[in-house]
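Structures for review follow.
Same chain, two partners: subunit A is paired with subunit B first, then with subunit C.
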Partner chain A sequence: MRISAQRPSSKPLDLLRAIWRGKAGYLFILPLLFFYTVFVLYPSARTIWMMFMRYEFLRPDRLQFIGLANIIEWAQDPRVWETFGVALKFTLMYVPASTLIALIVAILLDRVRRPSVASVFRTLYYFPVVLPAGMLYIAWQWIFDPTWGPLNHMLINVLHLPVPWTRWLGDPNTSLLSLVLMSVWRLMGATMILFLVGLNNIPQELNEAARIDGANEWQLLRHVTLPLLAPIFLVIMVLRLQVLGLIAEPLFMTEGGPVRSTMTYGLQAYYITFRDGNWRMGYGATWFVMLSIFSTLVAFLGWRWFRNRID
Partner chain B sequence: MRKSMFITVVLLVIASLILVACATPAAAPAPTSAPAAPKAASGKLRLGVYGQYLQQIEFKDIVTAYNKQNPNVQVEIIAIPGEEQAWNVIAQKIQLEAQQKKASWDVLLGPTPFIEPGALAKLGLVDPLDTLIPKSVWDDVYGGVLKEVKYTGDGKIYTFPWWSDVFGLIYRPSMLKEATGSENPPTNWDEILAANVKIKSKYGDKVYGFGMDWNWLHRSMLPIMGTMTDKLFTADGVINLDDPAAKKTLELMQKLYPSLPPSSAEALGSAKAFQSGALAMEIYWQAQVLRAIQAKQPEADVKMVGFPKGTRSSTLFWTLGAMIPKYSENKEAAVDFMLKGMLDPLAVEMSQPGNYKIVPFKSAQKKLQDSGKQTPWAPPLLALLDTSEPIPSNQYFLTVEQPIYKEEIEKMILQNQSVDATLKNMKERIAKGVAEVK
Partner chain C sequence: MATISKTQIRASVLTRQIIFYAVLVLGAFLSLAPFLWLMGVAFRPIEEAYVVPMNLIPRHLTMENLQLVLDRFTRATSLVMLYRNSVIITGMTVFFVVTCTTLSGFAFSRLKFPGRDVIFWLVTIGMWMPLSTALPALYQMLSGFDLIDTLPGLILPYTGWHLALGNFIMRSAFSAIPKDLEDAATIDGAGTFRLFREIMFPLVSSSLVTVAIFTFVPVWGEYLLAFTFTSKVDAMPISIGIRLLNPGAGTGEWTFPVAATATLISFIPPMLIYFGLQKWFTKGLMEGALKF
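== the complex of A and B ==
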């Protein structure tokens, strides 16, 4: 099927002709475009529209166009940097930890020669990803409970590690780390699968050639495997940017506390929009749009950087 | 091709923007006056019930009992997958449906006056019940609860009360006896502080002395403060931080903190500790007794008495009830169900002892008492239900005050912020937040 092979002319009529020529293709993607418009473009456009409005859900009488006022307020709001810092801390702990562990597990699994055994381990590691999040949050609240939860008991009484009795979610110094631990455990399987796909795509000839050249396992990993996994690292990096807008984990596990130690940017925006005051949806939309712009920018820069490295 | 695709996407974005521009904002319609008093209730009644209550109560039995009184109403029970913590979602659903002049439920059972009705009454999305319910029924409601169901904005009633949760002192007699020599519970804050020292000395870190939940201010600061002042709220329904009792309460909370279980900074931390047998005393509402028993604590060793005293006797409570959305399609049947179904003797008996709840109607309690079905923990709680101050039903208790209290109390307890600084921060932040909401 040939949609449009020639360079479209700038004339509108030629463009319409080009679209007509590719009508079969457009027809095929029409259902997707419809759902994309309804569930992505329209909500996005409405969010952008709300950004320029004074839109308070509990004060509909105040609805009015206020231009850039929300953006100016956002730029001056000290909570932006405070909560962005929390989200960034979470990202800096979570992304390297989950990526490294997933990479190690994927490389080990890739070496398992019996497919049935590998399949069992893959399933086991991926299992937390498909479990209902609400159930996991309750389970981890129990694990972290300092009075009767098993984590402290395991660390101190069973493993006899020299660590203090910790309040985990109830201590501002450890609450964010606790969320990171849970998230790494929960989502490591998803990252692992991506790495396994990448490892599967590495031609065996390259490994064999390197071995013939005298490379040991470490050199193989360092100079063959990791460089060829670079596209996967890029995908993971882009996907993991979503943790900057993290909401669910702190909302259900700590409600942003104690003392705002887990108040991520996303959760603060959620509270502005759906909990605090008059539910300032216009201002909340500003928070989310600004984060989207930032994430897109970082993803773009990351993509450029990786692309250069890959090239 | 790239260019044509780009143009297509641009066209779609423009189409979306046009749709947005054409769409009306989610503004609430203006409130209307209450409909006339119900006559003969019949037809279909869509009864929306919060899922958590469907798990606790056999609503089908209540409906069956109601239909014996009025067989002309066909009740459809609709589970609402939410609870208090999802109240904003429910409020949005009601609001968005109201724009199309419709409602999914003819009556909604589960809201608490200080949570949903405050916001919905302000938006004019629920009907006032003052005139729909006979005066004799309102006269039968305990005084504190009657005050609780009135929306502070216009003084009208938007919630029909059903089951109340009342704060008291829950304790483990065996632990108290081991530690203090007496299984009688402390009756005031000084005695609680003294008992805490003895419990610590006896049990170390295996059993904690005292539990309270400061994640939600209405579960710790407010009930304690109520025992030190009769001016708990200002005329506006905001917590009265200018009263000296506010400072005394924060100081007392600081003193109580070392006896709290380490999980007390987490949601329901103290409650879970009590259920696991790691807590000797806790201020909480009566359902905790049931939960502890369900968690395999010995029934004979879980007791509840009235709330500890300060300079006065008081408690705190809240009441789940029913409200009628503005676009309910069968308001007559909704009111009929409230009066006959919710107050059917079967529904009243389900409250005690089965579900450890309190039906806040004097005649219902009298019947329970006369039939010997009233539980031992009920009388001391009921004694305070007439006189204690309720949490005001307004639009800023939950959305402004509570998050600020939580943060400031956490700073005070976990980061040694002084009581004075805590009080000052609370006052400043709440004044600003309330002004914004108003």
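== the complex of A and C ==
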């Protein structure tokens, strides 16, 4: 009786005392917490809440709790599958291409003996990543231009290649591919750095031991380097999964066209939220949240699958 | 026989070296090519810009496009405005992020308080949270505060969304300081605030630069929030605003080479930081590579 009476009264009191003693800590993290809760956590949570509302930004008077109606509409919306297919097509072209190129470049750079030479190359390869993306989209629109653009000029007049497509962003067959090309160019360096970090962490003795055992370069790569890079592959896959929600590239360069060939899931959600009708934010929020749930699920499953394979 | 095979081996090693470097150089060239082409457009005379096909390399070089942009800078307000907005938005965001994460990095690594680790991981998860999921509510919130089409309307969300990486880097920086130093200062009677200001803060200044760089570069080129939250030149950063100045036909003063020059000028700040602060940049990349 005495024990049970004492425990609840002393435990919260201890906690309060600990909180009071740690007050300086809270004071130091207060500015961070302010920005983080108000501009990151709260809007994210509020978007989830919007999912259950009929909420049109330009008609706030029509605000009403509608339960699962948005989710039901989403599940029956044919645009979901159509645009998700476009995003998936982009992901399936972009992720393997950029990962493979970055891996090759990283392995080559890792073999450059002189650190100063390696750092010059690394600096140049990473260079596109630091350029302001918004401006690069415009520059690449010029580059892809069928008449003035240097890409066609280079391929046709200089290299004399038989190019089957020349309209790039203007052709529904190649518009998505063009966005992939630009993205691979723009972000290859970022993936390369991840691989370089991974290669750096491989102990040099391991490579030497394999060489002494008579492994050639290819065997070394296949049986030592790549298996040890497995965790980095996982990180890259999880990070790159974000391109499923791709918005900015098609928004700025093609506006989803021509004939919806670059209308990605993220862009469709963006247009529903900020352009269609009275800006259907509640329904748009549903699109965004459903994608987040899906991406998190895939990342989690991928992580488990990968971990099992490594063990 | 033996000597021949030795020279053969040497020759084959040399060939392999040549191919190896040729591939690396070609790759580096492809990385730079769009940028070099843009330079070529910016410094070519107007007559060479509007011919089909447009030569990859200009025959003559000229500074007149730069002159035209600079003229426009002094005459037309819009371009000055766009650059000014970008400088203010990026500068303020960097200031807020550096301030917040220096304080929080110290607390998360050196102070003890209930919930510390939970809060730290909650903030760190923010590195992988999709910005688009917060977009509708963020817009509604900012418009509720009348912050759409204003500079704070971009600075505040930018700060929130760029804290996680800085917080992570700063906590590692403070954790790297030996405990003895802290103990010595405490014995000398220094309180938490003096410990932070006089002992710890000077020791993490290089990480501070890293955080500043890694906030500056993405914010300077940010486009999605900037495009969504601004529609008037008063608050628009250059990353979006340059779109308003898209070149049309070969006439008028806003020609293709002039636009290319203006674009190149917007590349200058991140390039200066990238090439000028290579040391810190590489350090930050290796520390915070997971984010990119």
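We adopt the following convention: the second predicted complex is superposed on the first by the 272 of 311 C-alpha atoms of A that agree within 3 Å, B and C clash if a C-alpha of one lies under 4 Å from a C-alpha of the other, contacts with A are read in each partner's own complex, and residues count from 1 in each chain.
The criterion applied here is as follows: contacts are C-beta pairs under 8 Å (C-beta built on N, C-alpha and C of every residue); 3 or more make two chains touch, one makes a residue touch a chain.
Just so you know, these numbers come straight off a predicted model, no measurement behind them.
Judged by the touch definition given at the top, the superposed model places A:169 against subunit B, while subunit C stays out of reach. Within the superposed three-chain model, A:302 lies out of touch with both subunit B and subunit C [touch as defined at top].
Of the two partner chains, subunit B is the only one that A:257 touches; subunit C does not reach it. When the two structures are aligned on the shared chain, A:277 is found in touch with subunit B, with no touch to subunit C.
In the superposition on chain A, contact is made by A:63 with subunit B only, not with subunit C.
Subunit A is touched at more residues by one of its partners, and among subunit B and subunit C that partner is C.
With both structures placed on the common chain, the touch criterion links A:19 to subunit B and to subunit C.
Residue contacts after overlaying the shared chain place A:46 against subunit B and subunit C alike. Once chain A of one complex is fitted onto chain A of the other, the partner contacts of A:231 are absent, as it touches neither subunit B nor subunit C. Residue contacts after overlaying the shared chain place A:147 against subunit B and subunit C alike. Shared interface residues of subunit A (contacting subunit B in one complex, subunit C in the other): 15, 18-19, 22, 26, 33, 36, 42, 44-46, 57, 147-148, 274. Against subunit A, in their complex, subunit C makes its touches with residues 20, 23-24, 27-28, 30-32, 34-35, 37-38, 41, 52-54, 56, 96, 99-101, 103-104, 106-108, 111-114, 116, 119, 123, 126, 128-130, 132-141, 143, 156-157, 159-161, 163-164, 167, 192-193, 196, 217, 220-224, 226-228, 238-240, 242-243, 246, 256, 259-260, 263, 266-267, 270-271, 273-275, 278, 282, 285-286, 289-290, 292. Subunit B contributes residues 1, 3-4, 7-8, 12-13, 15-17, 19-21, 23, 25-28, 88, 92, 95, 119, 122-123, 208, 215, 261-267, 269, 272-273, 276, 278, 395-396, 399-400, 403, 406-407, 410-411, 414-415, 433, 436-437 to its touches with subunit A in the complex. Within the complex formed with subunit C, the residues of subunit A that make contact are 15, 18-19, 21-26, 28-29, 31-33, 35-36, 38-40, 42-47, 50, 57, 105, 108-109, 111-112, 119, 121-140, 142-143, 147-148, 150, 152-154, 157-158, 185, 188-190, 193-194, 197, 200, 235, 238-239, 242, 245, 247-248, 251-252, 266, 269-270, 273-274, 281, 284-285, 288-289, 291-292, 295.
Put simply, subunit A touches subunit B in their complex at residues 3-5, 8, 15, 18-19, 22, 26, 33, 36-37, 41-42, 44-46, 49, 53, 55, 57-58, 60-61, 63, 141, 145-148, 165, 167, 169-172, 254-255, 257-260, 271, 274-279.
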